[in-house]
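Consider the two complexes below, in which chain A is the common component and chain B and chain C are the respective partners.
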Partner chain A sequence: MASVLITERQRVPRPWSLKKMVSKNLGLLFVAPALVLFFIFVLYPIFYVFRASLLDWNGVSQGIYIGLKNYITLFTEDRAFKLSLRNSLYWIFLTIFPQMFLGFILAYILNSRIIGRNILRAIFYMPAIISPVVIGIVWQRIFNPFGGLISDIGRTTGMNFLIQPYLADPKLSIFSCISVNVWRWTGFSMLMYLAGLQGLQKEVMDAAAVDGVNLWQRIRYIIWPMLRNAHLTLILLGVIGTLKEFALVFMLTRGGPNHASEMLPTYIFLKAFPLQSMGYASAISVVLLLLALGLTLFLVVVLSARFLFYE
Partner chain B sequence: MKKCMLFLLIVFLLLPMAAFSSGQKEGKTVVTFRSWSPIRETTNKMIAAFEANNPDIKIKATIFNYPEYLVDLRTRAASDTLPDIIGLEPGAFTQVYREFLMPLRDGAEKYWGKNWQDKFYPIGIDQARLGNPAGDENFYGLPVLDQTINLWYTVPLFEEAGFEPPKTYDELLEVAEYFNRKGIAPLMVGALDGWLRRDVYMQLIHNIAPGLIYKAEVGEAKFTDEPFVEAMRWWKRLFDDGIIQIGALGLSAYPGSMELIEGGRAAMFPMGAWWQQQATRPSPPPLSKGLVGYAPMRFPDVTDKGGPPEDLLGGIDVMLGITKSAKDLDGAYRVLVDFISGDAAQALINTFNDLPAFKGLNPEFYETEHQKKVWKIFTEEWMPNVRYARQLVDADVKQAFEDALAAVAAGEVTPEKGMQMVQDVWTPLK
Partner chain C sequence: MVYASKQRQVFGKLLVCLFLIIMVLIWLTPVIMMLVVSLMPPDQRAPGLGGLLINKVSLFNYRMVFNDAPVIRYFRNSLIITVPSVFLVVAFASLAAFAFSRLNFFAKEFWYYLLMLTLMLPLPTLIIPIFQINKSLHIYNHYLGLILPYTALGIPFAIVILRSFFSQFPKDIEDAARLDGCSPVGILWRIILPVSWPPLSVVIIWQFMISWNEFFLAMVTIESNDIKPLTLVPLIYSGQFMARPGAMFAILTLITVPIVVVYLFMQRYFVSTATGGALKG
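Take a look at the complex of A and B:
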């Protein structure tokens, strides 16, 4: 009988209490500032850009609603947009994997006890911290077939195939930009792999030595798989970096000749500011956003990128 | 501790407001100015000259690189935080911001008198209203600096070779052959920059069919008409005949081509009147010192007329507008007028930044007689005869031209297809 009474009492709704309410939602209160900032600086701009993408708008005057016309033009008529998508694909595959491979080789060599390894590590890492504007100016000079370094080497040594319009030829320009990007970020890959190599368990290496594995087997079957976290981090950062690439391409080629090396961010800038088509540029930005989301999800889900937390 | 934090928070919140505020400061009127041109050092000289004679006004200027300025201006227009005075380019640029700009005709009349337009070079007055709606003859910006586009040649190289500046294409070919043998670029073009490609084409089409391009802009001719294609063919020939250096499409105008030009690797190059300012930079290279190494020339004739056209293309380099947000309109006018024709303008012209839009302004000091002679050529012989604009009105047509010129030069498309690319983006001007 007593237990029945208690149960009945429990069913009576308790009076509302601020204290209880606060204590119940305390967690939410703590994250509220971050949520507010997230809404203002992330969600609202996304909504704003999407809304703008449905307008014929120069960014200043009143926009005219045109529905999906910007998107239709983008996918059906815009050659430069298609080129920038193609170039992004080139960039992802030809930047990320070569710089991972080169970075690993450098890291492996500089992880051994060689003289001056700290200085060499600093030298190889240096391009990653130099301004892309400076890199663009310097590499434009190096590539210039009239008085540039590579062509002068070609002239001096008789290797005339080196005298090429690296940035001026539409067939070469995107690959020239990519090669500079690989040069720029290889040091960063090296650093990531160095950290990974130094975190490898010594016991595993010792056991491998006892088992008599050779150098190739040690790298292929032990070290490379154990650096999985570093690989996945580099791939994810590489993809995000590709989709954001602006300064280097802008300085090297302005996206030219005739959009041959155009990337999505350089094209967005061209449309939004010099060409005053903010609505159209917003449509490209929405596509870029969806692309970034899709690729990130793909990497996280399909590649099971659980590298953020050590298993 | 809490009070200290609160104080810091308030300071943190108020600082940006103080930074962007304009109006009264220490009893002075503050006039805000944002632009990409003139460059910061020159603007500072202009401000010093103005403030020395106008102690009641303080100018707060922010100078950007051009791309950053475009972003800044767009953001400020959208957030209603435009400064009092802004730098403008004629045509589409000014028209986009027209609704934010004060009409200046009455103010100009007040400060310069009834016949104020006669005090400016005619092309500046024409171009200042470029793209105005039909019937709107007002001015939303007034020119500060004008320019011509032309070629320059490197005097010591021509003297050593015993050449005169070429006047026809055949002479140009002869000169090019000689300089190519010497490892010197006959015509150094930083054609990575679309504006420089367009400048060269504009001189070619002006030579072939003066004024036709402006008719095509308004739909009275087509960009696929024969003269345009012919000009495009000549553009292509400049590359095929080895007149423009190899790899030009991958070399920027600044600093890329500039360094090679100043290093004595270019016999000729397409820059405008603004090239004179090379002499006034700190520690200029020997060729630029006192401008002794360079002299301007007209683009050689490609039409068998026997010589280039007498008139050059040109127009406004930079103009200024007063925004409707200006707190003190009279103060803003005083700054604008002084920047165009007063002590600040004199400080500007002393740097040889470009040609004055206001007639009669001359530098107070010339380093060499040659520099003075060049200045006189520009201001007395060439500038008064400029009839046609260097700029096009429609930004999309301009971009299509730049793309087509790159595509044709690279051999991606034929001249005919290149001009079709331009015609395809043309729409009637709004």
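Take a look at the complex of A and C:
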């Protein structure tokens, strides 16, 4: 009896033991490399950009603290900033929805047994992997009113309305950029919808087919609602993708003419580097950051969108 | 009645075909145009029909680009930046995803969601800080100044993909291995990673593409032409090749080929993971 008590007592864990702490938290060691990089290149920059946004600063010399003055200028006097906010809105709606719509139709068609479907899938997905720099230069040529593809087609067929300065006209430029972006990401939506379609229970589809529901009803009332998670993932990725779009617009128009196709990232670049006002550009960055966090948190928390919809 | 519905079916099929043909034309034409213009012979001043018609096929532009621009060097620079970042993302994200899916430790959920913050941040908001941080860490105008940020920004998405795969892995096998004296690192390296090719291939393609194509950070933090990656080449030579669209388009083709090759090479895994994951419901 006594011996049992003694062994029991020995087994009582000491309140603090280094060995136990280490073995219990071994996982932290595994996560450490990722976290270290995260702290240096993501978390610290967030604090950095908030602090820099309160400075009058050219990026080289010591900055001068000016409080919220950058933000006041930004929201009261800056026309280019307003244009870039407006263009972001256009971009979000006019990219995400056409790209989802076309992507869904392609996925629906290419999910059936059709000849050459793997080649077709690859063709539609290809723009998503090509560098936006390449895409920008190629489409710049296509849009060129002098010898560009669209205008040449207009000239040869007599459809003269096709001859337009697509990128140089302030009314058209942002929409031209957006249409290139739809071209770029439709294949990606198609791939997501293909994954979603293949995840649908076959029984549901068969039952729907037997019940004498026609094709339109089947898509509208059964398939489309069942792909809710795919829709949400595409909207989430579309919103973030819009807010970080830089290279495509930069190569196509540099945000011009006269800021007509300016996006927040191109405006950050313009202010921070060619114009050397890093404090002001940091204030734009903070607005972009809050916009991105707000929109994605809304999508993730309220609508429960996920980055991987099949998780 | 039967006849009518058959007629409608044929009509539907024709409509689908027409739609596909139009879409393929729109999607393929820019790529074909890029190739055609790059193959334009030197004596032709401008290609016909917006860049789709050339007199004959010539490799002159490629020869000129290889002679006038150190393409091989830019290519090597891109590899020096891309390959380590892919490697580091795979290594660090595997470790972290393993810990997040199979181990318990202090404030595990907190660390996970903190890392996921990265996915919600557009890179342009971090451009100014990273530019300044690179300067103070003395990695401005240096390969590491791109490799490390690309790795940091790529890890979280890789963790999401790998974690969802690792957590499906049966606990029994892991327990058996542990009883036989296998350490956590051993379990990850010997048992889980060898069967994780599908998600790993997604991570590899994705990270390769991001690092290979990234433009903004490269443009503002790499100054000397000696270490610039391939994506910056069109910018460097835009003046010089202004009058020679063929040469410019040859460069564009050369930028595009490696990424398409990597994609085609790993595509089989890529699509099957997306679908395999979906089958799970």
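Keep this in mind: the second predicted complex is superposed on the first by the 263 of 311 C-alpha atoms of A that agree within 3 Å, B and C clash if a C-alpha of one lies under 4 Å from a C-alpha of the other, contacts with A are read in each partner's own complex, and residues count from 1 in each chain.
Methods note: contacts are C-beta pairs under 8 Å (C-beta built on N, C-alpha and C of every residue); 3 or more make two chains touch, one makes a residue touch a chain.
Computed from a predicted model, the values in this text were never measured in an experiment.
Chemist: So if we stack both complexes on chain A, do chain B and chain C clash, or do they fit?
Modeler: clash
Chemist: Return first, second, both or neither, reflecting whether A:204 touches chain B, chain C, both chains, or no partner chain.
Modeler: neither
Chemist: Answer with first, second, both or neither: which of chain B and chain C does A:59 touch in the superposed model?
Modeler: Both partners, chain B and chain C.
Chemist: Given the touch rule stated above, what does A:258 touch, chain B (first), chain C (second), both, or neither?
Modeler: First partner only, chain B.
Chemist: One more residue to check, A:141. First (chain B), second (chain C), both or neither?
Modeler: both
Chemist: Using the touch definition from the top, say if A:240 reaches chain B (first), chain C (second), both or neither.
Modeler: The second partner, chain C, only.
Chemist: On the A-aligned overlay, A:121 touches which partner chain: chain B = first, chain C = second, or both, or neither?
Modeler: In the superposition, A:121 contacts chain C only.
Chemist: Kindly classify A:22 by the partners it touches after superposition: chain B alone (first), chain C alone (second), both, or neither?
Modeler: A:22: touches no partner chain.
Chemist: Looking only at contacts as defined up top, I'd like to know whether chain B or chain C touches more of chain A.
Modeler: Counted on chain A, the partner with more touching residues turns out to be C.
Chemist: Quick one: classify A:276 as touching chain B (first), chain C (second), both or neither.
Modeler: first
Chemist: Looking at A:166 after the superposition, I want to know if it touches chain B, chain C, both of them or none. Which is it: first, second, both, neither?
Modeler: A:166: touches chain B, not chain C.
Chemist: If I apply the document's touch criterion, which positions on chain A are contacted by chain B in one structure and by chain C in the other?
Modeler: Of chain A, residues 59, 137, 141, 147-148, 151, 269, 272-273, 278 contact chain B in one complex and chain C in the other.
Chemist: Under the touch definition given earlier, write down the residues of chain A that touch chain C in their complex.
Modeler: Its residues touching chain C are 24-28, 30-31, 33-35, 37-38, 40-46, 48-49, 52, 59, 102, 105-106, 109, 120-124, 126-127, 129-135, 137-139, 141-142, 147-153, 156, 183, 186-187, 191-192, 194-196, 198-199, 201, 215, 240, 243-244, 246-247, 250-251, 264-265, 268-269, 272-273, 278, 281-282, 285-286, 288-289, 292-293, 296-297, 300, 307-308, 310-311.
Chemist: Spell out the residues on chain A that touch chain B in their complex, using ranges where they run on.
Modeler: 58-61, 137, 140-141, 143-148, 151, 163, 165-170, 173, 253-254, 256-259, 269-270, 272-276, 278
Chemist: Would you tell me which residues of chain B are touching chain A in their complex?
Modeler: 67, 70-71, 74, 77-78, 92, 96-97, 99-100, 185, 191-194, 245-252, 255-256, 260, 265, 395-396, 399, 403-404, 406-407, 409-410, 412
Chemist: For the complex, give me every residue of chain C touching chain A.
Modeler: That would be residues 12, 16, 19-20, 23-24, 26-31, 33-34, 37, 46, 48-52, 91-93, 95-96, 98-100, 103-106, 108, 111, 114-115, 117-133, 148-149, 151-153, 155-157, 159-161, 164, 184, 209, 212-213, 215-216, 220, 231, 234-235, 245, 248-249, 252, 255-256, 259-260, 263-264, 267, 271, 274-275, 277-281 of chain C.
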